[in-house]
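By letter and in written order, the chains are A, B and C; residue numbering begins at 1 in each of them.
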Amino acid sequence: MSMAGARLQYASGSFFLPCAAGEGDRAKRGEGGRRAGSPNETCARWMRPLTRAKSGENRGRAPFHRASRGPPPPPRGGGWGALLLAALVAIASPALAKPHRVVSLNLCSDELALRLADPGVVKSVTWISQDSLNANLAAKAAALPANDGHVEEALAHDPDLVLVGPFGDPASIALLKQVGAPVVQISAPRSLDGVRREIRHVATALGEPQRGEALVAEMDARLARVAIDPGRPRLTTIVLQPNGFTVGPGSLVDEILTRAGLDNLAARRLDIAADAEVPLEVVASLEPDVLILDRSEEVAPSLAEAALDHPAIQALAQRMTVVSLPARLWTCGGPEIAEAVERLAAAAAAARARRATP
Amino acid sequence: MRIAARGLVVRFGGRAALAGVDCDLVSGEFVGLVGPNGAGKTTLLRVLAGLQRTEAGETRYDGLNVAELGRAALARRVAYLAQSGLSHWPLRVDHVVALGRLPHRRPFSPPSAADRAAVEAALAAAEVLELRDRPIGTLSGGERARALLARALAVEADVLLADEPVAALDPLHQLRAMALLRATVRKGAGVVAVLHDLTLATRFCDRLIVLAEGRVVANGPPSALTDAVLAETYGVTALRGERDGEPFVVPWRAAKPNPGE
Amino acid sequence: MSARVANPERRYGQLVAGLAALTLVVALISLMVGYARLDVPAALADALAGRSTVAAVVLEQIRLPRAALGLVVGFSLGLAGAALQGLLRNPLADPGVIGVSGGAAFGAVVVFYSGFAGVFALAMPLGGVAGAIVAALLLYALVGRGAGTMTLILAGVTVNSFAGALTALALNLSPNPYAAYEIMFWLMGSLADRSLPQLWLALPLTIAGWALLFASAPALDALTLGEDTAASLGFDLGRLRAQLVAGAALAVGAAVAVTGAIGFVGLVAPHLLRPLVGNRPGRLLLVSGFGGAIVLLVADIAVRLLPVHPELKLGVATALIGAPLLYGLIDRMRKEA
């Protein structure tokens, strides 16, 4: 089974309904209700950490049923301050060990954990990571036991670090803390800077700050290789997602488009403040140079995705470059973003070439 | 047309509505079907109209059974007037009467001159001409009964099977309707009418079939309604008389007086 | 005498012609209404000349299917409503109210989300037809002959509840996560962004349904006087019932498979037009078809002009008109009883 997020837009703002691998039912209901950035943040919710047990407390295998766990966790808010402090503490205390038993309850933290941690450290990932249609590291993830994003499943592995997503159920998180399991909550980045921050954040939590830096550097290098000629006028584009949603201004995907040398017409010409449902007619009459279809190679049908197969789009394909881009590349603000940017830039180049030849 | 029924048996639940009935009907005869409540009169009429399946026995129309005759031919030659005078939609009277021409009309062609003439004749005969524009729901019970009778007449069938055609009518219209039915018979059709009013039945009918408990008790001219038959089937005694060549019977008294009377 | 009889015939002819013309006009207006500014005459010229400009694509692939489906689906719903009312002898019968549309939605949902429709495209409308037939049979089993209003409404509620629940269950069981949230489309219906291939798929079954329903016109007239009288006038009631159920299932089922269940059109159109045909069920059929098309097209135009985002589901608009009408009808029938 594969999952992608479904998004319903109401007049007062976005209302996310991410996939189940995350934090159980509350995540499914889209708790939070406030706008996050890009519409394609399906399973990943990257938020500033609400709380973080000091990684210094995790000495090897720490039985979670122990009553007291030392000093209380740092106060909420001031996430970056806490991060900095914890990083200093971690660097200053060579006696502090890295977590050895990591459970990830969120698709995007799964991916980062699998990339950054040593083999054998990650004990369980969500079942969505094992689906190659929606996950980038399916092969690696398939070797591990799967979880549904529920707290009991995490505890069964006796973790010394639990990674949860941005819409983590506060009750679940409180429960984890109560039994003494350290929790790190990731957030949903709305910009490339945010992506870098989150990679570093998770890397530090895992005790692998250098690897985090390396991942960021690799991503930056790939981004830098995407050559855009600043002098040329940008090609216009619109992103079309299931249910006719498009990408609004100020989101991660919007920035990705800009990085690829494209001009997001929806952000500029339409009167939308966030991701919004746009009628097919409007998409067609805006006449973008490149039409980006956010579709996955999904097996099970839905009306939302069938909307992307509309004959009008196929007819438009003769007049503009239509590119399919699977959602998994930009669902999680991870290093795959670089691949998304590369593909988009290539599509833009193809569109330019096509324009040049009569 | 000659309708011949033999050995009709009809059961509803455990009860036998008709327990072996034979009867013969022929055009040119006005037959009254009489009998107490629950005797099976309506059931017999429905069997003759081809509307009711029988457990045993069969009905033949000029020697052919229903399957051989065909539903369409049966509809043209046998008209049925139901007891409950309902019209689910408030149609105009002339449209209701025009429904009687459906067996003769081709499905989507407009009514022919013959159709229109038949409707006019039926409206006139049933004396509802002046009501032709009125929705049938706005008519009184008696007027509605006449309108529905006109519908049955419009079929111009060989045999008209009428279930209590005059029950809702006032005396004037009862007499006129019975006279109309008799006139229809004189023109060559056959009429079988279920009647509750023995006086009317004996006055106007050529023949009476008396049913009781699903069986034919008597079958013959009005004189067949003897005192014995009356006492046995209806439990009444009657006054008899004759006027202008029309015999009549008036139920007078209960045959077995109530205790204490 | 013949002039008096000819006049009603001519009046009927005029009524039909007038409604047909009005339907066409509203359909043309529907072509001109949309979310993007479209120069319709230019787009039409492009389309006819074979130039696939954006305007031509929008007109041909987006607006035309919407208007055409509005016409076809509205006609089917109005016609089926009139036919069902004739069969059940009850002015409250409507494919939505009695559960036929709900059953069709379930049938379509099963076929679509199981992936079967991806393999065999015609399976989609056929699924809708199958669902509609099952719902109609269920209803008939509950209602039997002579549907009293109470029984009919209760039976309709039962069938609708069951069909709706099964539809929601099927959607939740679908592996695709979007599916669970598409219940609104199936239960309330929409004409938005439908496509020409969908129209072509549904059309043959729909037209077959229309043929069966129209063929029953004389029988419906006869049924006015009750089942016995109708049988005595030469109509085979068993065959009539089968014909009407099949015709309604074909017309409604194929429509619902494309647009979801849109209710009340089959209630509103016959109710408004019945007095104009002298209450005759046979004549009401064609007239009600056009009436249904007009009602649905007008609702679809309204839904696009209303400043409500996302676009209001069509079934919501028709229910806003139809439900109060149903209330009034029931109230009146109660008082008359």
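The rule is short, and it goes like this: contacts are C-beta pairs under 8 Å (C-beta built on N, C-alpha and C of every residue); 3 or more make two chains touch, one makes a residue touch a chain.
Just so it is clear, the model here is predicted, and its values are computed rather than measured.
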{"item": "Identity of the most central chain, Cα criterion", "value": "C"}
{"item": "Most widely separated chain from chain A, with each centre as the mean of CA atoms", "value": "B"}
{"item": "Separation of mean Cα positions, chain B and chain A [Å, integer]", "value": "84"}
{"item": "Centroid spacing, where centroids are CA-atom means, of chain A and chain C in whole angstrom", "value": "44"}
{"item": "Interfacial residue positions of chain A with respect to chain C in the complex", "value": "1-6, 8-11, 17, 19-20, 242-244, 276-277, 279-282, 284-285, 287, 298-305, 307, 310-312, 315-316, 318-319"}
{"item": "Contact footprint of chain B on chain C as seen in their complex", "value": "1-2, 5, 9, 89, 215, 217-218, 221-226, 228-229, 231-234, 236, 274, 278-281"}
{"item": "Interface residues, chain B side, partner chain C - complex", "value": "46, 49-51, 71-72, 74-76, 78-82, 84, 86-92, 95-96, 99-100, 102-103, 105, 107-108, 110-111, 116, 120, 135, 148, 151, 155"}
{"item": "Sites on chain C touched by chain A in the complex", "value": "34-38, 52-55, 57-58, 60-63, 112-113, 115, 117-118, 174-182, 185, 192-193, 195-197, 309-311"}
